[in-house]
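Both complexes below contain chain A, partnered by chain B and then by chain C.
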Partner chain A sequence: MNNRKFIYILLLILSWELISRVVGNDQLMPTSLVIAEKLWYELIEGKLWLYAFYSIVAIFIGLGISTILALSISLFSIKYKWVMDFFKFLNSILHPLPGIAILPILIIWFGVGYKAIFALVIHSVLWPIITNLFLALETFPKTLSMVGDNYEMGLLRKFWYIYFPGIMPSFISGIKTGWARAFRAVISAEMFFGVIGATGGLGWYLVKKRVFLDTTGIFAGLVVIIIIGIILERFVFNKLEKITIEKWGLKS
Partner chain B sequence: MKTKIVVLILVLSVLLSGCVNSEEKTVKIAQQFGLAYAPLQLAKELDLIEKHLPDYTVEWKQIMNTATIREGMLSSDLDIGFMGIPPFLIGYDKGMNWKIFRGLSKAPLGLTYNKDKISSLEEIDIKHKIALPQPGSIQHILLAMYLERETGTANSLDDYLLTISHPDGQLALLSNSEVAAHFTSPPYIFEELKEDNVDFLVDGNEAFGGEFTFIVGVVRDKFNNQEAIDGINKGVDEAVEMIINDPGKAAEILAPIYGLDEETTLSYLTWDGMDFNNEILGIEKFSGFMLRNDYIETEILEEDVLNEQ
Partner chain C sequence: MSIVLKNISKKYENKILFENINLEIDSGEFITIVGKSGIGKSTLLSIIGSFEKVDDGEVIFNEKSVKKPDRNRIIVFQTFDQLLPWKTVRENIEFPLIHTNSNGLDIEKLLDELDLKSVENLYPHQLSGGMKQRVAIGRSIITKPQVLLMDEPFGSLDVGTRQNLQRLVLFLWKEYNITIVFVTHDVSEAVLLGNRIWILNESEIIEIENPIMRPRDQMAANYQMFVGELIKNIK
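Our next item is the complex of A and B:
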């Protein structure tokens, strides 16, 4: 993190502190010190990290399933033109549907447990990844795929050695969008139908704090959500880019 | 540059105009959906409160759950709200300045169960869920009170709770899901009990150990306007009288709002245990239980929270 970002964060905390002191009501806007104290307490005593863990596990399982699905669909799209056409059509219908809007249907079909959450995450993640992958496949240089033909590669080998590195930048940006949408979807779903398993996720944590009018606790949860977002963006996705597209010289 | 400044001033003036207190007298009332709020719905449809408060603008807001009403009252966006006693006590305990000014209804709440899934509460295990609207709701507290009496631990089933809205909970109970029991209120409970495989596991009064008021009217301290409260009381009382003396007519007005036919609405309004009046019962029993089980931190007495006339 560069120095400028530190200054921004400091400025943000300072102005928050100032405004919250003027407001002077912890139920409306707790001061940053109160939030920090609460965050510490919730992490140690309240097992906030366990809630965060539950949400992240749910997201990553869903993300993994969607990635495999999206990649297989792309693989078949290379071989059969109609597969791409069909999924493009499905994409145009289903992509605009917000996850939270189809949640009531998912509950009827899958119940209120993990199955519904996974279905929701897959819906939120699959379409952005597919959109990105298709875009990359369509603009994929024909000469490159002909190189594969020249070597008499099978579909799988061609996909792995030629297409996959080529579509990697789009794939990673698709996963990034997908991750952000999955995170939102999971938290809304947890807020919508509460606990899954003996401990719920971050959404459930927020609901619990909300129904007991614990505003400071809500802010503690929000801080955790922000931190998870930053960590994933900076350390996971940037790392993924470094070991793939940057190493392969694909990042301009 | 000049136009930019003009635009900025215009935008600011629009934003700030909301902060200036208008002279006009308004009262903002929040209600939720459900049979227990029938007198409010009736008063709204027939403009009964407007009749007793001719100088006021009455704004009705239909809100999905108690937490939202509480937040609206905290941000001064709502003056009057109707809710169960436990959520009121939680807010009071957390420092909200508000008082109960009337009771509205008693209702046959209860824990229903799907006989195909379980035959008693002991059978609830990791495969099952008990659905209820939200933690801290009257349904949750009643279940905890029952468990405290029966098992000695109020939160013995907390791991199996699932918060979900009443209609979704009903759906989940009846469908092939892990929801085996549902703590709910009318009209959802009536519809569930119509099914052959659904029955009461515990009813509300049994859980509470006596009679209690389901919905009370709450007013923000800052609203502090006895004239308006009196007007609201008169309007709501009139609606209550109508439900008691002429339930047929009340059902006729309410049926389209609830999306039910008149006959069903009438049967629900006059269901055994549906009781509309301004009594306030059960505050200290609720607060004593909630204090004992750490749902609230301070002792709350009835005289603390009643809005003296």
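Our next item is the complex of A and C:
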């Protein structure tokens, strides 16, 4: 973390501390120290990490399925132009549809449970990834594709060795957008569904804390969500970008 | 080995580029193609490599009618984006060997010949234009193809780099006995490199044997005269 970001975080904490002390009501705005204590307690005693784990697993499974789907669609789009046209059309209809809006129908179809959550995550993630991949495929250098043809590479081989690394910048960017949307979708669904599995995820944790008017607990949950986001951005996506597109000179 | 273009016709956006053309390339030839911009030089090269479909006629390679590109007719482009950005110089050159399961040329010797030994671990974005083209040439000949199709490969390079690469291509042509078809908009380059020159005009293709012996001196009077003669034929 560079110094400037560290100063920003410090400023945010200080501002929070100042405002919360002016408000002077922990039920509305607990101080940062109280939130920190609560966070520690919830992680150790309240098993907040387990709630987070459930949400993350749901996100990753949904994200994984969406990625495989998006890559398969892209693969066939290279061979058959109508596949790209069809999914572009579908994208224009379904992409603007908020995940939470289709939740009632997903519940009717799949019931209350992980199946509905995965379907929701897939809907939330698939379209941004596809949009990015299609954009990359449409601007993909023809010369690189011709290199594959020159060595008589089949479609699958050509996709894996030529197209996939070539569209990596757009793929990572799609995954980043998809991840954020998946997180939102999962938390919303968990809030909607209540407990799923052994404990439920972060969404359920937040609902429980609201029911018991545990404002500090809610903030502890939010801090965990923020931390997960930062860890993923910094240690997964940034790292992935560094070892691929930055190294290859593809980062614009 | 020979390539025969038999009764080839090709339209592009309702404009007739070629109508019923017949051309032949023999093994070991160095053919250069010149003509105005947009006349169809690159399209003709793509047809020879089977990258471009024809409206009529056929391309015969090794006595067989061919419709798809293959590893024996490798194309090199003018644009620098033909290299795989995620592979180093060495990996780019080795790429065809891995994907064709062939032994090919000795990569160490080739890296030396191409003067790329010192940059073998760099990525394409770290190379100059001339180096990138040398990598592209290296990759194209590593599998010992019978034919090299070069589409204005030095078009974006400065004069000095261009001259070095012209020498390099001539060296590789002799060393590895490859048939080369080379598109250029520079008539002087066409005369320097080609044994035979095809001039593409709107209604015809003129084939001219290069009368100047190798090594060719671009400053010599007969060289300049021949270049002038060719320019007069480009319509």
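Note that in this section the second predicted complex is superposed on the first by the 251 of 252 C-alpha atoms of A that agree within 3 Å, B and C clash if a C-alpha of one lies under 4 Å from a C-alpha of the other, contacts with A are read in each partner's own complex, and residues count from 1 in each chain.
In this text, contacts are C-beta pairs under 8 Å (C-beta built on N, C-alpha and C of every residue); 3 or more make two chains touch, one makes a residue touch a chain.
None of these values were measured; they are calculated from a predicted model.
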item: Which superposed partner A:80 touches (first chain B, second chain C, both, neither); value: neither
item: Which of chain B and chain C A:89 touches, first, second, both or neither; value: neither
item: Which superposed partner A:144 touches (first chain B, second chain C, both, neither); value: second
item: Touched partner set for A:244, first chain B, second chain C, both or neither; value: second
item: Which superposed partner A:153 touches (first chain B, second chain C, both, neither); value: second
item: Chain B versus chain C as contact partner of A:207, first or second or both or neither; value: first
item: First, second, both or neither for A:162, with chain B first and chain C second; value: second
item: Residues of chain A contacting chain B in one complex and chain C in the other; value: none
item: Complex interface listing, chain C residues touching chain A; value: 49, 51, 68-71, 73-75, 77, 79, 81-82, 84-86, 95-96, 99-100, 123-126, 143
item: Residue ranges of chain B touching chain A (in the complex, touch as defined); value: 66-67, 70, 74-75, 87, 90-91, 94-96, 126, 129, 131, 134-137, 159, 161-164, 168, 171-172, 175-179, 295
item: Contacting residues of chain A [partner chain C, same complex]; value: 141, 143-144, 146-147, 149-153, 157, 161-162, 165-166, 168, 244, 247-250
item: Partner chain B, residues of chain A touching it in the complex; value: 26-28, 104, 107-108, 111-113, 192-195, 198, 204, 207-208, 210-214
